[in-house]
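Take a look at the structure below.
Letters are used for the chains, namely A, B, C and D, taken in the order the chains are written, and counting of residues starts over at 1 for each.
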C-alpha cells in the first residue's frame, strides 16, 4: 500500500488537491451568491434572504437542491452538440483557471512527493491563465448561438465581441507587472514583491518591489480590474445577460443544472479574477506589514476571537431555535480556533500566507458585489468606445511608461 | 521520448487533411479554416525541428506565422462578409464571377 | 510505452480526429469547433515538446482570437449547412485522390528528412520566453517590425472592408 | 570663418539662389527675385574674395580638399574635390566679379521682360556650374560643370523660346557642343586608361615624368590632348565648331555678355591651360592648338569686318579673341593666354553690355545701318563703349594692349613657325581694330539713319550704366599688372601664375626686352592703321552698298553654315527620317511591341477557357502544380527505398 502511494504520488496527490479545491470553490461560490444577495439587499435597504436558516445561511443549499430537481426542457431547433457543450465548457474552463493559482508560499512533502499550496506550478502560469480565459468566450458564444433564440444570439454576439475587445486591454495591462518582475509565473511575481521591510510598499501597486524602482502600477491595476470585470460579464459590463434588454442573454434558454453551471462558472471566474488582482498587484500572500513586525502573525487569531464572541452574542437572542443553536455553535468554533492559534503560535507561521491571500481576495469579491449594487450598465456603443478608445491606449501607455521607468531606475 | 518523426508525420497528415478539406468543402469560411489547419500543421513541423535541432529560430517563425494568420483572418473574413452580403451565398461554387 | 509517448498518441489522435471531423461536419460552426480541438491538441503537443510559450500563444491567439473571429462571423452571417454542390467536375473526380497523393508525398518526404534527427527534448533554457524575446528583438527585429506594419495594414484593410459605403 | 576650408560655399550660394527663384519666384514680385539673385551672387563674390585673401595670406599654397565621394567603382574614384590655386583664383574672381556686375546690369535690362524669375534662376544656375568647372580638382567634376554650363547656355539662348530662331539657335549650340564634348569624354577615358586616375594632381604628376613626345609623333598624350582640345573647340567656338556662337546672340544681351563673351566660352582656354603639363609634353598638339587658334582669329575677324548686326560683330570678335587665347596656349604662353582671357572678359563684357544698352536705347534695333549719331544722345554708353573699343583694339595703356602684346610677343618667339603665326595674328589685330571702330562710327557718328518718330533714344537706367562704368574702369586698368614689363620691370601677372605654369613663359633678357618694345610699337601701329581705315570709310555720310564679290562671301560668313547644312545636317536628317524612323522605329520596335501584345492576346483567347471561375478547380490546379514541383525536387532521390525509408534516411 505504502509503496504504491509513494510510487503513484505524482498522480494521487494532485487529484486529492483538485478534489479539495473544487469542493471549496463550489462552496465558496454558493455562499458568494448568499453574500451578494445580502449585501445588495442592505445596499437597497432590504433584508435579503432571511427564511432558510438563520440569516438565510442555508439559502444556497436550497438553491442547489432546486437546481438539481428542476425540469430541464430542451427548446425546439437547438443545435444539440453546442447546446450541451456550452455550459460544460464554461464551467470546466472556469475551474481549470484556478489550477495555476498559488495560495501560499509553503512547500511540503506528501508520500515523498514534494508539492505546494495550489495545484499546478507552471512557470508561465500567467500565460496559461490568459489562454484559458481566452477560450472562455466559446461557452458564451456557443450557448447564445445554439439556443436558436434571437435574444440568446444577440447575447452571444455581444459577449464574444466584448470579450475579444477587452482581452487586449486585460493582457496589456499586466505586461507592466511582467516587465517589472521579469517572470511569467505567478509565484515568481509574488516573491518578487517581497522587498525586505518595506511591507505593503513592495507590492506592485506601490512599485517598490525588487526591481520596481518605485514606479507604481496603479494604472495597470485600474485597467486590469476594469477589463477583468468586462471579461467576467459582470456589472457594469453585463451586456451579454442584460435582463432589461435580452431577457437573460445567452443563457435565456437554459434551465436547472445547465443554468447552474453558467452561474457557478461566473462566480468562479470572479474568484479567479480576484485572486489575480491580489497576486499581480497586492502581493498575493504577503503580509502588508514589514517582516520585522513578527507580532503581526497573531493578527488572524486576534481577529477570530472577537468575531466568534460577536456571533455568539448575536446568536443567543436569535428568533428561531435553530438559529439559537447554530450561530453560537459557529461562534464557539471560531473562538476555539482562535484560542488554539494563540496556544500554539507555531501554527501561525503556516496560516499567514493563506490568511492574507484570502483576506485580499475577499475584499475584491466584495468590491464586485458593491459595484453591482451601485453602478448602472453601459450602453453597447459606450462599451466598445470605452474599451478601444480609452482602456487600450491607456494600458499601452502604461506599458511604455513602465519600460521607461525600468530603463531609468530598474536593477535588471 | 517521442521521436521527431512522429511529430513530422503527424504534421504531414494534418497538412494533407487540410488539403483534402480545401478541395472537399464548399463553404468559403470552411475553406479558410482548412488553410488555418495547414498553417497549424506547418507550425507543428517548425516546433518539432527547432526542438530537436536545439535552435529557437523555428519557434520565432511559428510566432511570425501566427501573426500573419491573424492578419489574414482579419482581412479575409472582412472580404468574406462582403461577398456573402453581395452574393447572398457562402458557397464558393456560387461565387464564380471570375471566368471568361 | 513511456508516458510521453502515450500522451503524444492521445493528443495526436485527438488532433487527427478534429481534422477529420472538420472535413465531415456539415455545419461551419461544427467545423470551427473541431478546428479548435485540433489547435488545443497541438498546443498540448507543444507543451509536450517543452515549447511552453508557443503553446500559450497558440491557444491565446489562435484559439482565443482567430477562431473566435471565425465563430463570430459564422454567427453574424447566420450560415446554414453547406450545400454539397458539384459544379466543378475537376474537383469532384480528381480532387480527393490528388490531394491524398500530395499528402502522402509530403508525409514521405518530411518523414524521410526527419529520420536522423534526435528526439525533441523539453529544454527550458532553449525555449524560455527570455530566449525567444531576445531573438525576436535582436536577430529578427527587422521581420518583427515588418509584421507590425503588416498588422497595421490588415487593420486598415479590415476597416475599409467593414464600413458600408455612404 | 575660414571660407577656404568650406570652398563649397562659393558655388553653393548661386545654386541656392537658382533653386529659390526657380521654385518660388513665379509668384514673387521682381524686387524679391532681384534681391535673391543679386544677394546670392554678391555673397558668393564676397566669399571668393575672402577665400583668395586667405589663399594669399596662406603663402599661395595650392589648396585641395576632398569634400565627399561621388562615384567609386573599382579603382576609379571621382569625388567632389575642389581646389584653389593661382589659375583658379583668376578664373573664380573673373566669374564671380564679372558675373555679379552683369547680374546688376540684367536687373535693369530684363526689367520689362517676361519670365524675369526664370531668367535669373538660369543665370544663377550658370554661375553655379561655371564655378564648379573652375574649382573642380578632377576631370570628372570639371566635366559636370562643363556640361552644366552647356545646358544653361542652351536654356538662355532659347530664353525667348517662342521665337523660332532663338529655339533653333539653342538647339544648334547644344548639338554642336555635343560633338566637342564627345571628344572631351574620349580624352578623359584615354587619360584614365593612361594614368589610372582623373585627379588633376595625380594625372599631371605622372605626366610630368613622361618623356615629351616629338613633333609629328601621335602618342597617347598627343591624342589625349587633341581630344581635349576638340572639346575646347566646341565650347570655345574655334574652327570648325564656332558656328553656334554667332547664332547664340539670339539670347538676351546680358547672357551674350556673361556666357558667350566673358566666362563660358573661355572654359576651353581654361581646360587647355589647366592641363598645360599634358600639352607641353605633346608639341604636336600644341602646334595644332596654335594653328587652329590663329586661323580662327583671322577667320572670324574677316567675317566680323562686314557684319551689319552690332551683336554679330561682337560675337565674331569674341571668336577671334578666343583664337588669340588659343594661339597663346599653343605657343606655350599659357600665362599670356589667361591674361588675355581676363582682360578680354572685362572689355568684351563691357562691349556687349554697351551694345545691349544701345539696343535698349534704340528699342530693340540691332542693325547698325539703322543707327548713327547716338554719341550725343547716350553719352555714358558711348564713352564706355569707346573705352572697350580702345581696349580691344590694343592701344596703350588699355588692358587689351598688354595682353595682346604678350601673346604676339610669345608667338614671335615660338620656334614652331612663330614668325608666320605672328604675321597672321598681326593682321587679325589690324582687322580687329578696324571692325571695332567701324562699329563705333556706324553707331555713334554720322547722321541719324532711323525714324525719330518711332524710336525715342534714351539713356539706360543707372542699374545698367553703373556696371558699364565699373567695367570700363577695369578694361582701362585691367592690364596694368603687366605694365612694368614694358620698362623692364617684373610682369606681376605672369609671376603670380608662374607657380602653376612653371617657366612656360618666354625667357626675358635685354634682347627679348628690346624686341618686345619693338613688337608692341608695331602692334600699336597696326591698331592705328585699322582705326584710320575705319575712319576713312565710315566717317561722314555712309550708305549700305550692295555686297559683291569678296564682300558677299564675307557677308555670308564663307557659306560655312550652308556647307555644314549640305554636308552633314542634310544627310543626317535624311538618314534619321528614312531609316531610323520609318524602318527601325516603326518597323522593328513598334512592330515587335505590337506583335508581343497581339501574341499575348491570342494566347489568352485560347487559354482563358480553362478559367471556370470555380475556386475548387483552381485548388485542384494548385495541388497538381505542387505535385509537379515536389516531383522535380525529389527526382534525384527517386528510388523504391524512398517511400519505405521513413526512419533513418540516406545520409
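FYI, a residue touches a chain if its C-beta (ideal position, glycine included) is under 8 Å from a C-beta of that chain, and two chains touch if they have at least 3 such contacts.
These numbers come from a predicted model, not from an experiment.
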item: Other chains in touch with both chain A and chain C; value: none
item: B-D or C-D, whichever has more C-beta pairs in contact; value: C-D
item: Inter-centroid spacing, chain B versus chain A (mean Cα positions, whole Å); value: 37
item: Distance from the mean Cα position of chain D to that of chain B, given in whole angstrom; value: 69
item: Centroid spacing, where centroids are CA-atom means, of chain C and chain D in whole angstrom; value: 72
item: Chain A and chain D, separation of their C-alpha mean positions in angstrom; value: 89
item: Touching two or more other chains - residues of chain B; value: 3, 5, 9, 19, 22-23, 26, 93, 96
item: Per-residue overlap in chain A, given as positions that touch at least 2 other chains; value: none
item: Touching two or more other chains - residue numbers and ranges from chain C; value: 53, 57, 65, 69, 76, 87-88, 91, 95, 98-99, 102, 106, 111, 113, 115
item: Chains that touch, pairwise; value: A-C, B-C, B-D, C-D
item: Footprint of chain D on chain C - complex, ascending; value: 87-88, 90-91, 94-95, 98-99, 101-102, 105-106, 108-109, 111-113, 115-116
item: Residues of chain D defined as touching chain C within the complex; value: 612, 614, 616-617, 619-621, 623-624, 626-627, 630, 634, 637, 642-643, 645-649, 651
item: In the complex with chain B, residue positions of chain D that touch it; value: 608-609, 611-616, 619-620, 623, 646-647
item: Chain A-touching residues of chain C, taken from the complex the two chains share; value: 27, 29-30, 33, 36, 40, 43, 52-53, 56-57, 59-60, 63-65, 68-69, 71-72, 75-76, 124, 129
item: Residue ranges of chain B in contact with chain D within the complex; value: 3, 5, 9, 19, 22-23, 26, 31, 92-93, 95-100
